[in-house]
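Heads up: the structure comes next, in structure tokens.
A, B, C, D and E label the chains in the order they appear, each numbered from 1.
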Amino acid sequence: MFHFHQLALEDSESRHNPKVDDYGSYLFILTHGVHPESSAREFRTRQLTLFLGPNYLVSLHREASRSVELTRESVRKNPRLMADGPGMLLYRVLDFQMDLYMPLMENFQKRLDEIEKACFEATTSVILRDVFDLRKALVRLRRFSGHQREILLRLSRREFALVDERSAIYLRDVYDHLLRVTDLADSYRELVAGALEAHLSIVSNRTNEIMRALTIITTLFMPLTLIVGIYGMNFPDMPEFHWRRGYLFAYGLMVAVAIVMYYLFRRRGIFRSPGR
Amino acid sequence: MFHFHQLALEDSESRHNPKVDDYGSYLFILTHGVHPESSAREFRTRQLTLFLGPNYLVSLHREASRSVELTRESVRKNPRLMADGPGMLLYRVLDFQMDLYMPLMENFQKRLDEIEKACFEATTSVILRDVFDLRKALVRLRRFSGHQREILLRLSRREFALVDERSAIYLRDVYDHLLRVTDLADSYRELVAGALEAHLSIVSNRTNEIMRALTIITTLFMPLTLIVGIYGMNFPDMPEFHWRRGYLFAYGLMVAVAIVMYYLFRRRGIFRSPGR
Amino acid sequence: MFHFHQLALEDSESRHNPKVDDYGSYLFILTHGVHPESSAREFRTRQLTLFLGPNYLVSLHREASRSVELTRESVRKNPRLMADGPGMLLYRVLDFQMDLYMPLMENFQKRLDEIEKACFEATTSVILRDVFDLRKALVRLRRFSGHQREILLRLSRREFALVDERSAIYLRDVYDHLLRVTDLADSYRELVAGALEAHLSIVSNRTNEIMRALTIITTLFMPLTLIVGIYGMNFPDMPEFHWRRGYLFAYGLMVAVAIVMYYLFRRRGIFRSPGR
Amino acid sequence: MFHFHQLALEDSESRHNPKVDDYGSYLFILTHGVHPESSAREFRTRQLTLFLGPNYLVSLHREASRSVELTRESVRKNPRLMADGPGMLLYRVLDFQMDLYMPLMENFQKRLDEIEKACFEATTSVILRDVFDLRKALVRLRRFSGHQREILLRLSRREFALVDERSAIYLRDVYDHLLRVTDLADSYRELVAGALEAHLSIVSNRTNEIMRALTIITTLFMPLTLIVGIYGMNFPDMPEFHWRRGYLFAYGLMVAVAIVMYYLFRRRGIFRSPGR
Amino acid sequence: MFHFHQLALEDSESRHNPKVDDYGSYLFILTHGVHPESSAREFRTRQLTLFLGPNYLVSLHREASRSVELTRESVRKNPRLMADGPGMLLYRVLDFQMDLYMPLMENFQKRLDEIEKACFEATTSVILRDVFDLRKALVRLRRFSGHQREILLRLSRREFALVDERSAIYLRDVYDHLLRVTDLADSYRELVAGALEAHLSIVSNRTNEIMRALTIITTLFMPLTLIVGIYGMNFPDMPEFHWRRGYLFAYGLMVAVAIVMYYLFRRRGIFRSPGR
């Protein structure tokens, strides 16, 4: 019908990164909208192809597209919107697409807050899966929104003659929203990495504390156990056995050793936490 | 009143990154000032929208703005400032905004110094929260000041016709201040990461030292305990029991084993600190 | 025959990065195709040199080239393709080369999925080799596809007069495919690093849990062992030995110590997992 | 006197990053020279403000400036230098400033060599402080020299009409020196990070070796201690007690267990170092 | 003789980064060639200064220069080379310099292969030194080859009028070779970092396995030792002592405890490797 280039039609069929190509008499815009089932655990997109001509805007999509649906809805309610030309229609589609990012970003923020809290409280096994999934979703989000942002930058700075001045101003606004999305995605990646690092530090510090407890107990009881072992030997002529209340001497020896160990621990700073 | 573009008014309502848009007859400048409750623990900003026209400067803000207040104050004291034109007024607002960064940066510096000192002294649990909060605040500070700096770069290099030459020179000065802020933020991030790394190294080293102590004690006392255990066995015909002062032989054996263990430890370098 | 520059011929003999050089009357294009034995374990390439003249396309290769073979095949089937000129022939060769990346990328994706799953399940020794090989392959993939992409960017934006407009549009499409390849390679590198990090966190956490078990057992049994050791001493006049059912007193003492230790552990939080 | 811009004078009073501003009839150059007390432990700078006019060079500084002093000295010795114009004077000041970087860079190199050597030899506590201070000094050095380099780049490529051609060539030379300083600072940061990483690997490996020793001793002696414990039990009718030389049977059992443990250790590879 | 600028002569005396300066009537080219004693353990360079005039090429070097020697040799063999002009002579010198990189790169590749293999096999102490030296050499290699590459880029894209078109094509070829060198250096740095990371993971995993062995042995033998300790107590009226074959009861108790411990270990997954 519109004699679109074969390459463009092929591209719209298979999975691609967002991009915009100028075919002279029309623009071929391949975008990715947020999939309705996207979450902070799994970021998914749905491909939407748009052809912007001098007096038409054609959309191609395999699955339903919420932004196209919403644009159609608003045109039905207010038919005068058609008079604004195809550039403004394109803006409306991309703006609706953008709006659908917002609940997702809040989902990410909520998940990150949970992870940050959990890092100081929960066990590793619970956190690691969440951190892993969130990171993976953020890598994808960053990738798609980055490409999408680039498209909007090119559309809004009037690189293409088919985009009129008024639409460019509006598209610039969509660009600014996407800039915020990619910005937040970068911050989230840094913060989730920091949260994981904090958690691992806590684990490593906890190991250190447990080791200290083990070492104190072991080095305290081993000499005592040796002493009682000595007096458990069956040499009939050990002098202590023939002393009156020789066992009190053994008790005294044990107390003395315990006190000496305590002072040794103290001087070597084993009771103090790491970091001298 | 001023017939500002609907998009600009919408943007000033919701949360945005700092940006500047040229609407031809006026500039739309969205900035973020330091929130009075900002600290090195939590960096918060307050959005301030400015419209710079050929002969007016309009400010829009939901919450009170200290920089607008201070500018109004100085104009009231010295009404001749109005004669400098709206560009200089814009400079004054942005300069006051900039001045409010300064106590915050000192707060950050102080906090960083504390953390650096604590890293060599305190326990992990105390430090980690602080490091985490400081990093988070620095990520936000870097993000906002970076965008703010970009605005000032664009204003000061006279990209927009509405900014007169004199104001541009003054705005360049604000830009230089912001450059220092983002610069410091980057340094702080690097230094706080280094401080955390140092702390973790100390913890890991301390674990190593404790392990060494545990190993020395265990491997020294285990053979001795075995010896006393042997002579604790109830075999009536063990020859040592029938020797005169056989227990002295047992003592001698224990001393000999202790000496041998000591030399083994020494040769294998277990007494030496890590790093051979 | 074609009087190609000596440097170009020398370059085509030895191993080089992909590149394109303009020799005025012809373009010298050195590309790397995916080696048929390439896999996610080892990424290998095969060098292919192309000379694009105003009315010819010459290919030079030491080993068989699948993309040249496929192009020749399609020209034999449809001889009219020759009429499209050498630019479109070049496109066909590079497009076939590109198509051969696709099964490899799926191989990478599959391998990454396996590693991600294994990181939460398998032992380190199994994973590390795989991670190491995958990373190495990704470093190579990224390097070659990055250079290849740059060539296609230069060809498609008509930097060279020898590339006609129609071919440029088609080459732009190959460029977009390569962009996706390098993009995916970067994502994969980030994800494989994240997977390894997750695995190491699990190992470190597991060590912590084992240490805790060891510490609990040791600190519980050592005092009990000391008590039984005390009553194993051979002092004939220890009062407990002369008590009726004195051994019940020893048992009671042991139970009391175990209960005290249990409460001490609990209060110091040793039963709780790391992360307080 | 010279009617310098109020902003420039204000800037020269407070602490700023190095920068150069063109005020039309003069250049305002704010530089940082190496403080005489700077070392690889603490990098400090001293601010020096220069105003370059068509026929004058004015320097403003709160503290004494060694480079200004040295320039004055050389002019006093060779008054003809004044005839070269203010551009060459500027070069002389900046070149002297540059020269004062050199002993500092040697200081850094020496310190780095010490740390690299210590990493393979000394204990962590000694190294960490040094690494920390060196890193901090390098962050500062990189920051100031980077800004300083940018000034010289702008001065030497004749961005400003006030710098004559001859001076530009000489300033280019100062720029090349600063490029080497920033280059070295970057290398040093990478090398000091590598040295720390090497040290931590040694500590972690050493912990592993100590653990191995502890495990071998514990698992060897525990079964032996159990055996002697068994024959220390006071059951009168244990058959071994009534065997002739029953204790030799106990000894044999212990030797047998020790041999079995040894082979078990060997087969499980516990004697081998990590890395299978 | 040639009235070279004093600054250029001074620069050729002291140590500098590779650079090229245009002095109008001649080019001042400061390059670094590979030192004959360079290896993957220590990358060293030798400074070579070249002055390219309209009809001369002057080389200045303190130490012998292999590339100058080789150029002189080839000119002696084939005096017609002089007719190609100084640009082609410059190419020959830089090309010989480039050729001397090749054996070094192979040396690096060989060393990296050794380290990669060792990481999965050898002990840490052997590897760390090698990794450290290789990294240091790569940092230096990357630094010098990067600067050298920049010079060749500037020479080959005819930024300087003194370089004729033919020479520029040849110099472009040297540039491409250097691009490969810096590319490989970057890959090597990434791979050596990956190899070290793999090695440390193996060490950390090995520690975990050893800890598991220690924990299993300790928690198995401690209760058994307690039991034999109990029956080693000297309470004359312990009922078990008066049972017929009471010691068999003790043995039974020990076997029962061992079985219970085994099932506890199994249920808590202590026998399984980390990663659940």
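Convention: contacts are C-beta pairs under 8 Å (C-beta built on N, C-alpha and C of every residue); 3 or more make two chains touch, one makes a residue touch a chain.
None of the values given here were measured: they were computed from a predicted structure.
Novice: Which chains sit in contact with both members of the pair subunit A and subunit D?
Specialist: Both-contact set = B.
Novice: Quickly list, by label, the chains bordering both subunit A and subunit C.
Specialist: Common neighbours, subunit A/subunit C: none found.
Novice: Roughly how big is the turn, in degrees to the nearest 5, that lines up subunit A with subunit E by CA atoms?
Specialist: In degrees, rounded to 5: 145.
Novice: Averaging only over C-alpha atoms, locate the centres of subunit A and subunit B and give their separation in whole Å.
Specialist: Here the centre of subunit B sits 19 Å away from the centre of subunit A.
Novice: List the centre-to-centre spacing of subunit B and subunit C in whole Å, with centres computed as mean CA coordinates.
Specialist: 31
Novice: Which residues of subunit C are in contact with two or more other chains?
Specialist: Residues 120, 125, 202, 204, 207, 211, 214, 218, 222, 225, 229, 232-234, 238, 276.
Novice: Under that contact definition the chains make a ring. Starting at subunit A and heading to subunit B next, list them in order.
Specialist: Listed round the ring from subunit A, with subunit B adjacent next, the chains are A, B, D, E, C.
Novice: Show which residues of subunit C lie in contact with subunit A when the two form their complex.
Specialist: 116, 120, 169-170, 172-173, 176, 179-180, 183, 187, 190-191, 194-195, 197-198, 201-202, 204-205, 207-208, 211-212, 214-215, 218-219, 222-223, 225-226, 229-230, 232-238, 268, 270, 273-276
Novice: Considering only the defined contacts, which subunit D positions touch subunit B in the complex?
Specialist: 5, 7, 11, 16-17, 19, 21, 23, 118-125, 128-129, 131-132, 135-136, 139-140, 143, 196, 199-200, 202-204, 206-207, 210-211, 213-214, 217-218, 221-222, 224-225, 228-229, 231-234, 238, 240-241, 244-247, 250
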